[in-house]
Amino acid sequence: MGVRRYTKMAYKDPDEMVFGHAKFPVLEHWNVQFGAGYVVPEVKVAPEPGTERSKETLVKEMASIAEQAAARAVDIGLPAFMVEQEHVFQQTYHADWGYACTLAQAEVLKKYYDEYGVCAALRQTVGDLRIEEKGGLRGSEYDNAIAQCVEECCKAGASDICAETMGGKSVLDYGVMRGDIRAILFGIGYLGSIDMEYFWKRTVAQCAKYDTRPAGDTNCSGANTCMYVAGGLLGKDMSHTGAALARAISAARSLVAVECGATGPLKDCGYENTIIKAITGVPICQEGKNAVCAHADVMGNLTCQVVDCWSNESVFHREEMGGPTPAVWLQATGYEAALMNTAIQTGNAKTLRDLYTFTDMFRDPQGTLLAYPNAYRVGKAIVEYGKDIYLRARAAALEASKIMMEAYEAKLLQMTRFELDTLRKYTSILESLPMEAEIFVDQCMREYPRKIPTFDPKSYGL
Amino acid sequence: MGVRRYTKMAYKDPDEMVFGHAKFPVLEHWNVQFGAGYVVPEVKVAPEPGTERSKETLVKEMASIAEQAAARAVDIGLPAFMVEQEHVFQQTYHADWGYACTLAQAEVLKKYYDEYGVCAALRQTVGDLRIEEKGGLRGSEYDNAIAQCVEECCKAGASDICAETMGGKSVLDYGVMRGDIRAILFGIGYLGSIDMEYFWKRTVAQCAKYDTRPAGDTNCSGANTCMYVAGGLLGKDMSHTGAALARAISAARSLVAVECGATGPLKDCGYENTIIKAITGVPICQEGKNAVCAHADVMGNLTCQVVDCWSNESVFHREEMGGPTPAVWLQATGYEAALMNTAIQTGNAKTLRDLYTFTDMFRDPQGTLLAYPNAYRVGKAIVEYGKDIYLRARAAALEASKIMMEAYEAKLLQMTRFELDTLRKYTSILESLPMEAEIFVDQCMREYPRKIPTFDPKSYGL
Amino acid sequence: MALLDWAKKADFDMIFKRYNVIIEGPAIKPEDDPDVKKVLPTAEPFKSLAMAVIFGDSEKAVQAAKSALDRGTAPLDVIEKGLAKGMDAVSALYAKGAYFLPDIMLSADAMTAAMQVAEQKLGRAREKKGTVVSFVAEGDPHDIGKNLVVMFLKANGFEAIDLGRDVPNSQVVDAVKKYKPVMLTGTALMTTTMTAFPKVAEMLKEQGLSVPVFGCGGGAVKRDFVESYDMGVYGVKAFHAPKLAEAALAGKSFKDIRKEYPKIVGEFVAEYADRM
Amino acid sequence: MALLDWAKKADFDMIFKRYNVIIEGPAIKPEDDPDVKKVLPTAEPFKSLAMAVIFGDSEKAVQAAKSALDRGTAPLDVIEKGLAKGMDAVSALYAKGAYFLPDIMLSADAMTAAMQVAEQKLGRAREKKGTVVSFVAEGDPHDIGKNLVVMFLKANGFEAIDLGRDVPNSQVVDAVKKYKPVMLTGTALMTTTMTAFPKVAEMLKEQGLSVPVFGCGGGAVKRDFVESYDMGVYGVKAFHAPKLAEAALAGKSFKDIRKEYPKIVGEFVAEYADRM
């Protein structure tokens, strides 16, 4: 399979984008469609501690999560839903566990689909076990285990496959800790994009053999780490403007999965998905106000704006007063999806979209950046340099900077000194970077391999 | 204080009602207003098991809940919030515990108010400890303990006081189990209303001495019990049409608190609050899609329609991956409130209101009944017989029945045979009831004291 | 009004589905249900006795009992071959969602009324399967679950001692001493009252009392809590109570019952999904 | 576009408030901060050394160290009276929200660079306060928290042994045998990897190894879990690590540290709110 770089936007105008609708909807088995005119709620639950001790206990745990979710879906009348399972180590490492766990969930969902006609989808997100400093990203024991596991999940009936690959992590981590925007750009934008191509060419080819969609990959290890480290308004670890720049850069990286043939719905924790949807037109999953169980972000409503599959991120598997968590959190995302579907059915989708967006657009620089008209601008900056993974990542960051500064100058977005100072500093560094990828890589390769012991250039063919 | 019965509606037209706005807004200390043009998010967290073992541990627990909530409020930028504490037995029974627990929370909230200017309110909901068959509802040891506790909570700085009184419970429980609609009407509508008057005359007089609002009382022991027993679509214990009738009846009962001088914001778990707001114009709290932690209802969005304070109901005090539950669930309600406030600020409140309503209006008969135009109709039926607590409760139920049948006949609301059959049966029983309270009471008194050993007529002055 | 306009154009199926309506089969008479047929007696007077219970008709049940006794049917047969079979049928109908709680209550009332007639003739109360003591924890007013448990136990032939709500721990222990039940059921719904369970368990142990099963259910109470102390078994649905009591009668320990819960109650139980 | 029209008329204060902007005081130079003044040396060459660290300027720090040593200042004084004071000031600034993580990292880099110069002169490495071993649990790739812990420990004069991520339990035990640390810090973020902690604790116990403190933090890991096994102390923020290590050095047991956590780290910690 080749890599088809995007040099044009899928949407002519940001206003065309709205939740529940994608230019290229995706059909999965058990009759679920994404982006075809309705929003699908998703639930994701982490296995209980200890259940990883044997294949048998983990398989039971998986079946139980699916069953509890499905039972609630029916009890409150959800037309469709998705169960996602993010693999723990053992599930991916032992391909036979991955198979058995997927099968157990597939059987439950099929039973409910047959009995009630409730549409259901099953996502398996394999774990990226690869460790740069232990065997590298390519062809290592861990890398091979992942490839095998993908195959088995497809066989066992997964509706789609996702991942959160870690390419570039070593350099990115260094950049986050030092506030080094060039390292962030190199880690996410360059190294990340290279590894994505390696990983997704393979995965797309594997899925093609089955009734399983290659759905996509989020930059959890990069942009989400930045967002998480940046924290709430009183966080002290990373500036929110810096986190916003990392997010813009990550769009250029996560786009690569689609360029390799991933179809969506893109994985929920990619807050960069609005940008990628604008470029490619594929459906996306997102998380936000109903993912408070998993982490605190400062844009809980905004991420609904153009979502096609609405997720809770991840929660402990245990009991609430309102029932087991797979039921409780599917109900949470289910009701939000129902509201969006009502808006679609009554012709108010765009109004509701704008309400979601406006609620968080100026709460934080990250919200400003991701508000769909601005996300669209970042997308345009990317496709302008679409064929060059370095230049497009740099352009994304520069456009992001412009967007935030404009909002600040229009007195819409307030910033602290720290936010403003880092933004200015990072911007001038970004501006001063070379216009040729080769020179940029050269510069980076002179510095980072020396400073970062875990960085393994061979993993990127460098 | 007298009892001022309502014989007219506060709103001329249901369309005047919308979230964040009440005819009679309520101001509480630390600068929070309810119904004054914005929605306030609320969080409520049950103390950890074991913390009830001593006054000291419970006080610490209370402070910790308040602190965790307040810290998150600031971290995500909420302009205002409310902390509600529903008392456990010890907190109400020992007035000095009630005092110390309230004080500990008040100090925390005041600290945040002073430091950040974040507006905060503190609700104390005393426990109705009274047991009909153990000393009765009036003047018993438990009754006196409640009165004392209310006084101490006011002194310690509570912004408002609520309760969920249990008057009529003995007869209602019998009615639920037997599917006896007359017992439900007698229990909630008649006995409940009598006890409310006893309880709220006293409580309103107590609050008047302090800077504390007497906020109101929900029919948890009646209508919520029915809703809970009715469960989801596949529930087998009570028909949803029956639960809807109980809800309509409960509006006539919960109204009494306001007639005795309660000002609102009415307590969250009163799904009947839309009806009472329509009649009285006082602000209301509500719960729904962000109360999935506490219980499953089938109208998670609808209850937002005219809310002034948005609650999570109640959750275990523990850690989520996203932080401690007071933080996590305040964020959940906080983001929903933010969406509503955005709608208000941008002139889209009525559209969003209607989306909320429409999402659940035909999901279940209970939603059909409570959709604000229908809730308004029930309110009108109540005020028409406003001076007679029996006739108005009966009228509420009959109007509710009409509403559901109309929706069914218009092919908007689908019903199962069980739902339809019970609705028809109950309706004909209700229709056949006498038009004089005295005769009705006479009939009931001939049957229920004999059949229900826990029913104590003296507790109602009968 | 926007809502009514919307109702005309919206496709409800995209917003919600009423699965209860969707899966509803054609209306059939209770006696035509295959599971009822399995237990329903075909011979008279037993059939009429059972049918009166199935329809929850107290008057008819009493009449049928009287006329059967008059015609010489043994009182114990009236109960066991007639009334009890009717109640079995009702349980089957409830389990499959064809009958609802009030139906069960009315059937139980009918059965009780008719049984009293038979017992009068018998000259004594029918022997019960066994005794169960039920209570609601100290400081807790939530008693509907407990009331259901008591009702289901009685309807299924157990002696159920109802201690009421807000019951001091010591009173529970005294009752166990006095009645030597096969099972003790505690109900609590609050984080701060469920803590009574381990205390009661501890007190029972101290006194050398071993109640084979200590079943508890309710709002804030979850399986992991109940299983964190000895003798605790987490009860999910009130109608499970008689089946659990039967298991206890059959000599199963609290550990067995924990492990085999779904098998014992004979249905999928989400809370025990990992033990299916 | 609706969004821009709305921006003109909406009162943002009703939707959100940026409290970080609201509470921001006037900009002051770091050296003017009262808490910095308390620790900042006034005499030269110490002041320049400290200031270079505060500004995170490695070059200046190295230069200042060289020139101080040239002029005869004792290497240990360069470190302790100069560089370390600068780092103390940086910690104070971070704690109050005036400095951010990258500032600390750059300061730590500056301090390390200058310290190497002083140590060269000294002829040996400065004695460390104590050794701490840090690891990320088996099967877990989340290592940022651990990296921060290691950085903070180093910056505060501890020897930090970094075992990396996805570390087998046995390797952790071997490292404890080998380095005899005052404290062992494990990091895990997942429900299914945090289970390594009790296993490691058990293995240590079996081998008769008693590490006074076994600190762990991260996403799915919560206090109650960590306190459910012996030696476990729940760590909240990476910058707490040096303070915890100091407490361990001072002879506090894991039980003491659990109880006094907020006091030891000297700030309000929501996770320990009940122990304030």
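Quick notes on this structure:
In this document, chain identifiers A, B, C and D correspond to the written order of the chains, with residue numbering beginning at 1 in each.
Criterion: contacts are C-beta pairs under 8 Å (C-beta built on N, C-alpha and C of every residue); 3 or more make two chains touch, one makes a residue touch a chain.
Keep in mind that what you see is a predicted model, and the values were worked out from it rather than measured.
Chain A and chain B have Cα centroids lying 40 Å from one another. Computed centre separation for the pair chain C/chain D is 58 angstrom, with centres defined by C-alpha atoms. Rounded to whole angstrom units, the spacing between the C-alpha centres of chain B and chain C is 30. Contacts with at least two other chains are made by residues 2, 6, 10, 15-16, 18-19, 220 of chain D. In chain A, the residues touching two or more other chains are 46, 51, 74-77, 233-234, 316, 321, 323, 327, 338, 341-342, 346, 351, 354, 358-360, 363-364. The touch graph of the protein chains shown belongs to none of the named shapes.
Each chain pair that touches appears in this list: A-B, A-C, A-D, B-C, B-D. Chain B makes touch with chain C in their complex at residues 15, 46-53, 88-90, 93, 128-129, 131, 133-134, 166, 173, 176-180, 225, 229, 233-234, 236-239, 316-317, 351, 354, 357-364, 371, 373, 410, 412, 414-418. On chain A, the positions that touch chain C within their shared complex are 37-38, 51, 57, 60-61, 63-64, 67-68, 71, 74-79, 115-118, 318-319, 321, 323-324, 327, 338, 341-342, 344-347. Touching chain A in their complex are the following residues of chain B: 46, 72, 74-77, 231-235, 288-296, 298, 300-301, 314-316, 320-323, 327-329, 331-332, 335-336, 338-339, 341-343, 346, 348, 351-352, 354-356, 358-360, 363-364.
Interface residues of chain C, counted against chain B in their complex, comprise 1-3, 6-7, 10, 12, 15-16, 18-21, 24, 27, 94, 97, 99-103, 105-106, 109, 138-141, 143-144, 147-148, 151, 164-166, 190-195, 220, 225.
Residue ranges of chain C in contact with chain A, taken from their complex: 2, 6, 9-11, 13-19, 22-23, 219-220, 222-224, 268, 270-271, 273-274, 276.
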